[in-house]
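Notes follow once the structure below has been shown.
By written order: A, B, C and D. Residues from 1 in each chain.
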């Protein structure tokens, strides 16, 4: 571990940017050499007062050429649509990229159906979907990794072990619950404390953009076209995510936990639980906790992650570790924010 | 409205007891003449400091004979299993009863499969399930009403309008979320603030006692045996409940909102929403808010209530109003705890 | 109570506007005949979805002349500074006004030192400070009442009984805590759920505008110039306010509770507590709960109110009741949002 | 840092026990070789499910002799009163002890006035109060360190820099706010979610046991007998603590921040803030954030810590580091639980 690899973060002002800074500061190999936002004149202390006395670093206005001189790999925590312009430049400059936006997660047709016309189809074609448990070897060879969405991460890790049992004709229902940090720092009525506190509600039911992401990756991973129906909810919690999945399976599942345990045998960051999972047991960590129950033809799966870590920033670091030939687990947080 | 009807509450110490006191105090006809708990020496101010300066009344140790001398109708907010002993006595003394426990909600066989042997099967046979929108005329004639559980109330009001579209061979999935007051005042690790805050988790997945209640009442109401799968969750909220329902339907539903609006045309306490429902819009009220969406053979229903009011105490008062020949809506709370 | 008095609300979109609507809807004499905001095209259901099925009413763009034709008294829930323009018009049109802004609370000099130049000094001179327990008889004769701030209401009700014991040379420290609804519906970093949840912090320490309001009213009421130091805090709670007061007194206070009980003997909406007060016991009500402790020359007072009700809207209705010759307590909410 | 020092934790089941485990697991020198509770048959996974897959270790029933064979230093996270029996045994067995209870914090007379008769006065006499910023050199030489209470830690770090300005005749008022984890895991009405959520209240006003601790340590540190009045509050937050201090000072303080900055010049874990401090910026860390304001003879100080870390477990590790001749900052957490 004697060598040092220089890395950059673009998009330092948001929640996932902050989490990236925290993880990289504690990383034994990565060294943060470039930190940028899309605006002028930001300072780290103003953006994140909690980092005062911990991390001292200049924040620059994002510039691909400058970045390329200072870092070998860049984490992009930029909004969807604006990310792809920047990625294109960085890849051309031979910088490896982990992109936390949605811009490289989907095939071009699906992306354009749900977002906007894609301006970087060449790189899109070679981008690898960064869910290590499912696509590890491809990530190791990638120079551009599309970091998965938080909802797809939780849902895919819960569903994939059971793909052999899933009948393509049947429907998969995912009832997902997310903490408010998933909505980002941007101000809106929906994230006002008075709106959220003592409240709970669904949004974009059956129409959320993460639904095609889940469906497409299941197809890609298991070569099976399944029907996913997805309804996300906002809960009065800062961080954490729970995906609850319901489906009818095509054959009885006798040894439910064995299916899970065999599938995740060599995965230290997926924990198979014998009791219903709790958001708080994973908040602050890279863990995905999974619980399942089978009864009379029905399979019920629960999958919990920290939406900002396993659902964004720690997964980005896991991907970067793999891309740079390091041990995947380096610096991934394991101690939950409990109590 | 010149007459007065004397009513009693047994079980004054819990959350539903408190809500009953509040509603009856504002009731134009009911007069609270007897208030009891199962213990000696309780005082109302010690039990509920918020009632200081609002309600002054002695709290007695529950005694059926004394109650029968003072009141024509009793609300029982006692634990499951202990309620039925008391109901038996009261019915024998010609007191009408609204029982908030589970003791008279189910047929004997189903009750005994999920709870304990029933000690009052005669009255059980004549008890009426107190969901006014579904069983109003029977409630009007009843001397014993079993007040529905909170989860069944929300789920049944969401599902029944769509029963004509439901295929008995298909599965109905109910993902329910409840505020912590639903767990009652009793101390447990599960209700400790530190356990619940910033957390969310399921409990009794696919095994909760409210599942047979929902199934049995759908059969009773619509004469259709359906397969319900039910998973409740605890959310860091004091009061409120959201039932999210997923199912495949047997025929396309063209005019989704018309189905709902026709079904609830004359029901002032069911609101059909064009946007996803929010727990907070019903907290503090007797309203049930319903939203639905249909897509490609899939029906998704959301139903929100206040677990302590529509899910317990205000529904009990609605039932009592009907049993005493009054207008159902008397004193039912309509102003939500918003903001 | 056979007569009806027509009233108007200007500023229907905010939290205090909503609370006014709720109280007036339940009022036996007041009839809401005019509802306005400062914008075009608002509808009540869009502004406050929780009122759907409860209150049906057009929302107009505020116009003093139209209002004057429809109502005898107006509640103004407008921002500071914009309120005074509207008040001036309404008073000229012989409409009585309860103004919930700060515009008529202070003497001109003090107002202008903390806010902006006053554009309506004539009416300011005759405005009465609407804290009924202290200035009831003046309110009865007023045509313009300045509704007190929430912090001053809690602090003044706690302090005034002890004014005889207060030494002008000594300092009074008020450590106040407010729920987030006090900051209003406006979006800001400070009211983002993620900022507030699991957090607590002071704002404007020793520099908040409510400090001169408290000081001036103590002088006006007790003819004593005292030194008040005031630090407000935001707590992760929707509604509720707690003022904790510390001071050295000039003489021992032997019968602390007697001082309070004598002072508030005839006041049904001030409750003297023998245990520390709790925000939740008053949330949803017009009550002010007070607790005090004396030890070795030190007086410690706690005063709790609902910031939106006793600190704004229910106090406004109490004032309107008095101004219109009605019983002060009409329609004032007494049942707390407990649990 | 090549050597390893074996340490033990007694009292593994509570919140501070969990925090100790987490810190020590990440410690470069300390190795956890003995973990115990006061009961039989506990397992780490059952006590703390979040540690599953992170820490694997047997939990024993506490036994001083066994402990002494396995560890050179013990952290005791036992209840007040029961700790001192265990400390006595361990000291006799030459084990160094950091005791997180109150048993060795006070002089015997003061302890016995507020708690119970002390059974280990010999060790009490030599115990050192473990607030490193104030008593570092004594801690380095101690074999028994009494870890400070959370309220005294926050209050003392805020007050001590200003001791030269404090007039003994004047009163110091401390209004403190604590997250619920400070009350421990024990079940009580006070910690029930429904009691705490949307609520805030004081407890033990002017009578809390931390008041003499603050007073005594100020005397010990600054040789000045001052009058402290202390009122703690519970806030609906899991972890975090804010001490707000008010006092009249004897002389003007011209350069307020310079006083603080000079005092804490060499202290990396005290941060002087130019804006009011926020609980969340220190939650998860060993930092104490301090803000102050001076105005017209009045000094106002705010001091924020994580009650479980700087107020308990990370301070215990800081003390252990000093006692074992290590660098004080080893393994002390610096990244806050933000967002």
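Here are a few things to note about the model shown:
Everything below uses one rule, namely that a residue touches a chain if its C-beta (ideal position, glycine included) is under 8 Å from a C-beta of that chain, and two chains touch if they have at least 3 such contacts.
What you see is a predicted model; the values in this text were computed from it and never measured.
Taking each chain's centre as the mean of its CA atoms, B is the chain most distant from subunit D. Pairs A-D and B-D differ in how many C-beta pairs touch across them, and the larger number is found at A-D.
Averaging C-alpha coordinates per chain places the centre of subunit C 40 Å away from that of subunit D. Between subunit A and subunit D the centroid-to-centroid distance comes to 37 Å (mean Cα coordinates, whole Å). Rounded to a whole number, the gap between the C-alpha centres of subunit B and subunit D is 47 angstrom.
Shared interface positions of subunit A, defined as residues touching 2 or more other chains, are 15, 181, 194, 197-198, 236-239, 278, 280, 337, 339. Contacts from subunit D toward subunit C in the complex involve residues 171, 173, 175, 177, 179, 194, 198-203, 205-206, 227, 229, 231, 233, 235-240, 242, 244, 246, 248, 276-280, 283, 293, 295, 297-298, 300, 302, 337, 339. For subunit C in complex with subunit B, the touching residues are 15, 18, 22, 25-26, 48-50, 52-54, 181, 197-198, 238-239, 268, 271, 273, 275, 278, 280-282, 284-285, 287, 308, 334-339. Listed in rising order, the residues of subunit C touching subunit A in the complex are 15, 180-181, 185, 187-189, 191-198, 236-238.
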